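Okay, structure first, notes after.
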Amino acid sequence: MKFDVAIVGAGPAGLKAAIEIARAGGNVVMIDDHPHVGGKLNGQLHEEPNNGDWWIGVSIAEQLKQEALSLGITILTGTQVWSVEEGWKLFISNVDGRPLDNNMIESKALLLATGAIEKPLPLPGWTLPGVLTIGGAQVLTNQYQVKPGNRVIVVGVDILSLSIARAMKMAGADVVGIYIAPKNEFTSGISNPKELLSSFSSMTKFAPNLFMRLGGNVLKSAIGCSLAALFYPKNGMKVWDIPIHFRQSILAINGEQEVESVTLTKIDPTGNAIGESFLEKVDAVCISGGLSPQNELAAVAGCEFVRLNGLSGVVPLHDQYMQTTVEGLFVAGNITGIEGAKVASAQGVLAGSSINKYLSIGNVNEGNLERNAKQVEIVRETADITFHSEIGSARNKLQKLWEHRI
Amino acid sequence: MPKDENYLICRCEEISLKEIKNVKNNGLTTSQEIKMATRAGMGVCQGRICRSLIEQLVAETEEGSCKLPSKLTVHHPVRPVPLGMIVNKED
Amino acid sequence: MDKDIDLLTMLALKPELETKENVEKVKINDAIIHNYFHEQRSTLQGKPHVVMVGGGIISLMTAFYLEEMGFRISIIEQKSFGAAASGRNGGAVMMMGRELIELPFARHSINLWEQLSTKGINTHFERKGHLMVARNDIEVARLTKAYELYKAAGIPVTLLNNEEMKSYTPHIGKENKLGLFSYEDAQSYPFTTIQSLIKQLKTKGVQFYPYTKATSFETNNRMIEGVITENSVIKGDYYLISAGPWSLELGKLLDEHISVKARRSQLMVTEIVKKKAIVPFFTGNGFYSRQTHVGNLLFGGGGPWEINGYDVSNTSYAIELLSNRFTEVFPTYKTKQLIRSFAGTVEITPDHVPAFGKLLNWDNGFVSAGYNGHGYGLSAVMGKLMSLVLYDNATDRQLCNDIKSVIDPLKIDRFTELTKV
């Protein structure tokens, strides 16, 4: 099977890129290992803070899918790419192990839009049945309409955990609370109340209510953060009627064969446990350890990488038009740094037009690319969801590293 | 309060934090050495879950350019594939 | 059907080139090595210091036996110990398949490996035998001749039909016509062995220098006086180059022709298979394989598609070819999932004979390298031999003609006559 462009990942970035290329006349195939296209759009269900509208990811995904099909884009779902080789060759197999008619796809250009994976956050008891990642809870609750449990506790205070805690409550689960991550070797930056509050200062655009938005100004100063950490209510503050705790955390998840309870503790403003621990009976624990770019195919494809905290991990080194250090290999979406669906979509359009220019598909000039790149920046500036406070400076650093390389 | 370090880091091979810390105490300082000594990262997921954890334990998390995303090298296949599905029909 | 070809790639033995003399020499050399090991040697005085460059299994095993003889040891390694071929091989500790000249070494090595556990070294050593299969008439013919030669050389071997093979490899396909089984061959687990050796050697005072690159040597007349690294100069009484393929460059620094060439060899690993799938070490149809103590199926093999050099990336060609060959022999394993491919570097010498013995230009310099992919299995015997050679050097003992006849063919003098690699 030969195509102009192969795209791995049919989430917002991949879909937008495919549409951009197909509209210009290119022959595209999208490959995704899930049963449905849309990537994480399918689980996204939240209120947009700026205007109060609801973002219903699954509808957006469906729209994009219909557009892709009408443009003659080939879509392979339930299919995993287990390797790629320059030239480009993609080695595929069915995720259920069933035979395929073709084990290999050939293309002139390759776009990796494989998104992100969740980082684990280990603590005693984290491997018991009933413990799931926040992303897993999102899929269960929003896509399959199944409550993760009746009495649920959420570990980790961040954009995702807030949004999904709310979704679970709306689904009828008793969400006992959202607790700051426990202090251990794996949680630096997210288990210290003062540091976490400070990192929130630039992210409170997504704050669910006016109080937290006003609080964002307080958090912009170091003293403000210290005070906030010190004076944060010991029993948490309720948002959407769910207690959010910066002065309580979890020590362990308990149970014989499955989750039965958690051991909680009060913590001081730097995250150390104080006083006696206490038990809370729950039947599910949702852990949010953060997201990280899913870059394995980029690694076997041979491109160079950059680790930047602002991008939430290691990403393929790429230029402002989404081209990597390997000829004909492009990236878009969360694989380039965790920024969410809106930025991913804009990057998809940019990558698509960049590939069009590379393969002389349609009539793309430098001006088009500049415009699309500018659009990514605009979306970034106005985004109501930010995953890392240093995303802006990280993007600048990335660009500098690219220029330095040349 | 005694720290319970019996919880798993590598879920596929069931390697606990304690085991990893033990080999660290024996002088091993890199993720690759820990992998060789404990089998952490050698399971079915090939480190997709535990790679970031092992890297944090040996502080291989510095910002900057790198030739590879991790010292725990990624190899084909990046997903498990049945041997029967690898065969190229053109042979 | 395809024309019959001989894919017995792990059968280095070429029956048409072996002579009756070679067969007799196996037993003779076996005894010579045995006697050399058991010569009376008094305690070494003064703890002479051996500095080794190279941190693989050859160095670790040599250090193990040197320590037993009373030497002080330092090992310099540019990366981490066992990072290269030593940790990237099939784990074979075997003799069947080898040319007759290698058999005495290999057999002693298997026995030494077995004894390691009594000396506190964990290796997951298991003497589960070695099964090699022939799938067509050409292979059957060569395998049968090999059987006769090995038998004559005193190696316990037997021929098996397809039904009999099943007790060792329950899922072997019907097209595997004839099996040659060697009872005494064995396998072990590289990672455990390396870690265990390092741990024990550390307690015995061996100095380890990881992430230390040897950039040059300090010399004076015919004596090496130190190994120069980025941070320091490491001085000793004797110097050993045992750095696998890197021995070539190290040799150049000392004006020596250590003719080893690096070449890639790829291996594949499947998910853990809980039941006993492949009991002995298994070879045939252009690959070698075994089931590790944990349960993963490992298979690999070299061939003309491989490249020279230190590249250890994997190719889809090799993954497809080797998976194809493996499932041709074991059709029911088509459902087993491949989880990883990796590669190692074998070090090839022009005549496939190792490079072992004294350096030419230096009175206190030695080399132990060039094991052509058999280094892991041979490491024990070559380590012991080097420890005794160094002992004899340190005590001014003359080597008798018998042992000289066995180890002189391995000297690197021969490389100056051969065309350069």
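Residue numbering begins at 1 within each chain, and the chains themselves are lettered A, B and C in the order written.
In this section, contacts are C-beta pairs under 8 Å (C-beta built on N, C-alpha and C of every residue); 3 or more make two chains touch, one makes a residue touch a chain.
Every value quoted in this text rests on a predicted model; they were computed, and no experiment measured them.
Asker: Can you name the chain whose C-alpha mean lies closest to the mean of all the C-alpha atoms?
Answerer: Measuring from the global C-alpha mean, the nearest chain centre belongs to B.
Asker: By count of C-beta pairs in contact, what is the leading chain pair?
Answerer: Here the largest contact count links A-B.
Asker: Averaging each chain's C-alpha atoms to get its centre, pick out the one most distant from chain C.
Answerer: Chain centre farthest from chain C's centre: A.
Asker: As a quick test, compute the distance in whole Å between the mean CA positions of chain A and chain C.
Answerer: One centre to the other, that is 48 Å.
Asker: Averaging only over C-alpha atoms, locate the centres of chain A and chain B and give their separation in whole Å.
Answerer: 22
Asker: Please report how many Å separate the Cα centroid of chain B from that of chain C, as a whole number.
Answerer: Spacing between the chain centres: roughly 27 Å.
Asker: Return the residues of chain B touching two or more other chains; collapse runs of consecutive numbers into ranges.
Answerer: Expected reply: 75-77, 80-82, 84, 86-88.
Asker: What residues in chain C touch two or more of the other chains?
Answerer: In chain C, residues 316, 319, 335 touch at least two other chains, as defined above.
Asker: Could you pull out the residues of chain A that touch at least 2 other chains?
Answerer: 83, 91, 97 - these are the residues of chain A that touch more than one other chain.
Asker: Touching residues of chain B toward chain A in the complex: what are they?
Answerer: Residue positions touching the partner: 1, 4, 6-9, 11, 17, 48-50, 52-53, 56-57, 61-70, 73-82, 84-89.
Asker: Show which residues of chain C lie in contact with chain B when the two form their complex.
Answerer: These residues of chain C touch chain B: 80, 82-83, 87, 191, 194-195, 199, 202, 270-272, 294, 314, 316, 319-320, 323-324, 326-327, 333-342.
Asker: Mind pulling up the chain A residues that touch chain B in the complex?
Answerer: Chain A reaches chain B through residues 33, 80-83, 91, 93-94, 97, 99-100, 103-104, 117, 119-120, 122-127, 185-186, 188, 252, 273, 277, 292, 295-300, 304-309, 313-314, 317, 401, 405.
Asker: Contact residues on chain C for chain A in the complex?
Answerer: Contact set of chain C toward chain A: 315-316, 319, 335.
Asker: Applying the document's contact rule, which stretches of chain A touch chain C when the two form their complex?
Answerer: Touching chain C: residues 83, 85, 89, 91, 97 of chain A.
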